[in-house]
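Here chain A shows up in two complexes: once beside chain B, once beside chain C.
Up next is the complex of A and B:
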């Protein structure tokens, strides 16, 4: 029962985040905005279409969207909603989660290179670099959670009955902030990447899928939603853990945290110059290391 | 007696290989290796399954006394690795050397096979020897055999240069080993590895450990002694690179393992753990960043071997730290991870080098930017290479993930339990960064070679290689997939070895690691199932709809051409912008400048050389030059000066002998 509810809530989060982003942007721009589920209608439309494949591509190009979506689905099954239990949970599943995201990334990079297009090559190369640089941030974030909660699986980290404690609150809030930052990078949002840019030369994630259409494109988009939902649920869980809150808080929190923050950032900020992106992402990794160190000091109970 | 037997075996080997007709030499060699492999594998597998160590022979050496050749769990593990890789290499060599049979003389081919069999047999001796003279002899035999293998194409100047550099560096390492064994002998009266605890008790731990680490690290490709690897691997034939990179450099890891678990004193083990961890982190990061820069298939693979040695050392360092602080779970996990990674790397790196061999034999180049679209003309090679690529990127559900998973889990446990927190956190950051850049390097490698459109007509005209080579490649592939899908079974291979290091490992593996790995295995199966299901659903849905094909979308540009594809160099350009200070770039030719509106033909070649190279070549030469210059000032050419020098010399001798110094 708990597992079913958990999976259902994850799906709701995945579906809602994009809607909230669109709504926030529309509100800030003074528009009425799209229907809340417009992106779902679009995806449904694409799922009904045929496909056009480039003659340069091999079978890898056709398999890649399945790998990307499959990896995202399995990765999502690791994530608990606050203290509910996810479908898969074992010690060290945090590592599996990170490497499943990597599996999806590799599939998409290879597919992009398979088309032989220089634009998609640019996207692939950038995605590979940013993926490499964000990996330490994610792993050290998990290490911080493991150090503070005493477990190495998501379910145990967040399900554990924590007593209210100021040190835990500090570390959890910082970790939540870190995971939101990682969500921005991993889901290709401003200021790292702009999904709505009109110029292929400046894209990262979107330019990798230029040659996909129809069913394949829909699969890639759905995978993107699931990935975003998983990461933003981690941030929400970290906040929920500060006060032993349950799923009724974590679910709306996951939707609103990412939805509103992405919406606000996208309406108020321009995207980075590409050269700045590396610095931006390395800064996130440095931040992660700093948070780990703060956690380490707090655990030693030094008065600071 | 033993050495006589060894000599007779070698003589028999030489005779047999020289009299066999040219085309059948490979089968004679294979017969030798298979016999040896099966003979030791029987013992090895029984030892790995838990029976007592077996002594096979005794040898009375001329200097260090009687030594034994025996199989304990650690030797057994490496014997299995050597056997599998050796057989695969020999089968592969049949197809690879076929192109040379007409060009090289029969004696040349015979010599090559003699060296190949000797290399495999000497590695078996290395891991069975109890230390001292027999160990050094086998070690030296291994070096010389691999040297002969590297100079197969000795008519090329760069091959000869690389081989000589290899020979010299190996002997520098050999001196450290001799020094290590000699000081061990002088302290304890025995040069066997089993005497190490006695020497360590005398307070020589760190000194002896560093001596052995330098000696073994030279073979393993440890930073900064890795510079021979990226030179020797491109020079050697591909099957030789495969066995050298897959197995021979692991002899260094074997040596470090032998020494490390003889350390009983936990405060010293702590220091050693820090040393090994630091070395692992630096080696791993240096190797992987340099790998991402390379535009030559075999150089890239060579740097990636360095990186994998780094990962293994990170595991060993964490295991030593865990053991030193009494945390057996961390020690067991990290040790299992390091050993599994050793097995895994021997599998996927052999496969990758075999793949590189296929490419070289069909297209006669190893330069990345000459390939492109090979997947269409060589589909089986492309699939096997893809499996190896995914495995080396540590992607689930393949074997690379299993080893790194256990190392990570060891480090996370270390952080969680609050022992060596900062060291483990450093390991996590390094391993994550290494993992990320490996993905970068290998997506670059795979996509530039196999994907896109052919950049050269020879690529478009190439055909798939013969089936014996594909059979040889199937051997490591099977291992990669099996270990990836059922890691809970594969862990049993390293169980006995880990128990040597951590006595309580048995219970930890049974109660903790195996159940966790079963879950990993289920996840792997789930991933495969979900992906397959999604693909089948998609294909079925598309069957009834219109599926068209057309040119790649050019983003509004109407005449894109093949030369515009992303090359290896352009793929890694953004990483170079971040890490450019690590390499020394040499540029040949001229790039197209921005002011050229209608560019003419240009020749432009960038190479990213390792800065550490200088440490072993130019740096010494420059130092010698400077010293030389200073000394040359004394050579004035005036006889009165020379008489003065002679007088000064005599006075110096006189004073020194007065003071009883000489």
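Up next is the complex of A and C:
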């Protein structure tokens, strides 16, 4: 029962975040905005369509969206919603989670190179660079949790009720902040990438999918939602763990945390110059290292 | 050197026989000296067949003495005279020499780059098309080429951009235009219907409809020796400034959109709508088509319309000032716009940049100051706004400041309009002086627009030449992106916002 509810809640989060982002942006722009579920209608429409493939592409190009979506689905199944239990869980699944995301990314990068388009090659090289740069941040983030809680699976990390102390609160809140930052990068949002732009030369994620349409495009979009939901739920869990560790708090928290913050940032900020993205992402890794260090000191019970 | 000297307030055309005919060698010598100085630049330089000869006309502008200098020289059909290229000394001349070379197969000696202006590489070879244009390319293992266009993802016109990149950095950009050769200049000659010609002038470039139709009206009024009333001139100036406001605001919004700044984008889109709707409420068309007519107007301002325009313009000016303050105080926007796409002043002068983009680099090319026309010469004391950095931010700030200047001008001019004074209806039947030469020089929002009309012995327009500021400024864009990241090309491009159809004619 708990496991089914857990999966259902993850899906709800995945569907809602994009809706909340659109609503927030519309609100700040003084517009009426799209219907809350417009992106779902769009995806449904695309799923009904066929696909057109360029003659220069190979099987790699056709497989990639399935791999990308598959990896995102499995990765999502590792994530617990606060006190609920996820479908899949084993020792060391945090590493598996990180590399499932990497697998999906590699599949898309190869597919983009497969088209032979100069735009997509450019996008692929950017995605590979930023993917490589964000990986340390994610791994160090997981390492902090693992070290502090003594477990290496998400379910165990969050499920074992920790004695509520100030040390845990500090580390958890810092980690939550880190995960939100990572969510921005991983889901290709302002200030790193701009999913709304029509300018191929500035895109990162979108330009890799230029040759996809119909079912494949829908799969890539759905995978994107799941990825965002997983990372956002990790942040929400970390916050919930400091006080009220229940699924009915963590779920809306995950939706609002990412939805509102992305919406506000996208309305009020310009995106980075592409060169500055590198600095931006490396800073996130530095932040992760700092949090790890803080966690380490706190665990040693050093008086600070 | 002997030039025919006139100015932009003159109401008369020039008899062809009054334009001194000179030797090319003398002209070449004179120009190669004069163009070194910033005060001179060429407004137009073109050739036209006259009997057995090819006659070259040159219109040189003297910004300091506010003079317009006209000269011509001829080439016989069997002439074997050498025409050393001026482009080799002054790259600013390049579009004119390229046009003459491709239209009349005139060889300019030592021309550095014989790129056609609007046609394919070799018009005499049947397999050569615009799609097989050989772009300049650089060899190297670490370099790659990115081609954008000629069909673009957005709703814009065709133009191909070939980037040679080293990683994310642009080493070189070549721009190829000429995908929509419409034959605008020939259309003017093909008809003798003045109304049709007026409509044509409005359609040269949709975003500068008012500026182009004003230039056409000026040229035709000079040819028919028609002195327009102060009121009509004031109304035209108001229309021109409204167009400037609308386009500058639209570009601010577009720049905000390209860096993903939503608030600036939606605010500017709303303000631009108010501005063009004001134009619509005045004349029935949002881009001011139907407003400018030779020798008169169908849409004279009434006191209600004056009040409406004043109210809207004031409101737009106030709200736009808020947006521009937001942009100026937002660090994320400044980090995108500053130090991006720089064209230094010396470079701008060398390539002959004009208009707003030149002023953003500190080069004060502004016909409203240097060759005032309409109400700029009588009712307004225009002072050009210039910036110094020549980057995207400078071009954006030009827009912000010019909008508030335009608001002031519109309010000033509206106050001077006496609605009891009669405005004549447009006159499409006026006879034009035969064998005369007339120009229309107007500072549109993008820069100087130059129209030239030459009549034959029957008083019919025989040659019509149009010059859009984009003709000069496309090269500035190519230079601006050198050394920039390729992902910054869109904002550099948008900061110039050049016209494809204005170039391709």
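We take it that the second predicted complex is superposed on the first by the 303 of 304 C-alpha atoms of A that agree within 3 Å, B and C clash if a C-alpha of one lies under 4 Å from a C-alpha of the other, contacts with A are read in each partner's own complex, and residues count from 1 in each chain.
In the analysis below, contacts are C-beta pairs under 8 Å (C-beta built on N, C-alpha and C of every residue); 3 or more make two chains touch, one makes a residue touch a chain.
A quick note: this is a predicted structure, and the numbers were derived from the prediction, not measured.
Touch criterion met: A:140 reaches chain B, while chain C stays clear of it. Look at A:246: by the touch rule set out above, it reaches neither chain B nor chain C. Greater residue coverage of chain A by touch, when chain B is weighed against chain C, goes to B. In the superposed model, A:271 makes contact with chain C only, not with chain B.
Applying the stated contact rule after C-alpha superposition, one finds that A:202 touches chain C and leaves chain B untouched.
In the superposed model, A:122 makes contact with both chain B and chain C. By the touch criterion stated above, A:44 is placed in contact with neither chain B nor chain C. Using the contact criterion defined above for the overlaid structures, shared-chain residue A:25 touches chain C, although it does not reach chain B. When the two complexes are overlaid on their common chain A, residue A:194 makes contact with chain C while staying clear of chain B.
Within chain A, the residues touched by chain B in the first complex and by chain C in the second are 118-119, 121-122, 200, 275. Interface residues of chain C facing chain A in the complex, by the touch rule stated above, are 144-148, 153-154, 168, 256, 258-263, 266, 330, 332-333, 335-336, 340, 485-490.
Those residues of chain A whose C-beta lies close enough to touch chain C in the complex are 25, 28-31, 118-119, 121-122, 190-191, 194, 196-202, 266-276.
Chain B meets chain A in the complex at residues 372-373, 375-376, 382, 386, 390, 393-396, 401, 404-405, 408-409, 411-413, 415-416, 418, 421-422, 424-425, 428-429, 431-433, 435-437, 439-440, 443-444, 446-448, 451-453, 512, 515-516, 519-520, 522-523, 526-527, 530-535, 538-539, 541-542, 545-555, 560, 562, 564-566, 570-575, 577-578.
Considering their complex, residues 47, 49-58, 60, 62-63, 65-67, 69-71, 73-74, 77, 88, 90-96, 98-100, 102-103, 105-106, 109-110, 113-122, 124-126, 128-129, 131-136, 138-140, 142-143, 146-147, 150-152, 200, 210-211, 215-216, 219, 275, 278, 285, 289, 292, 296, 299 of chain A touch chain B.
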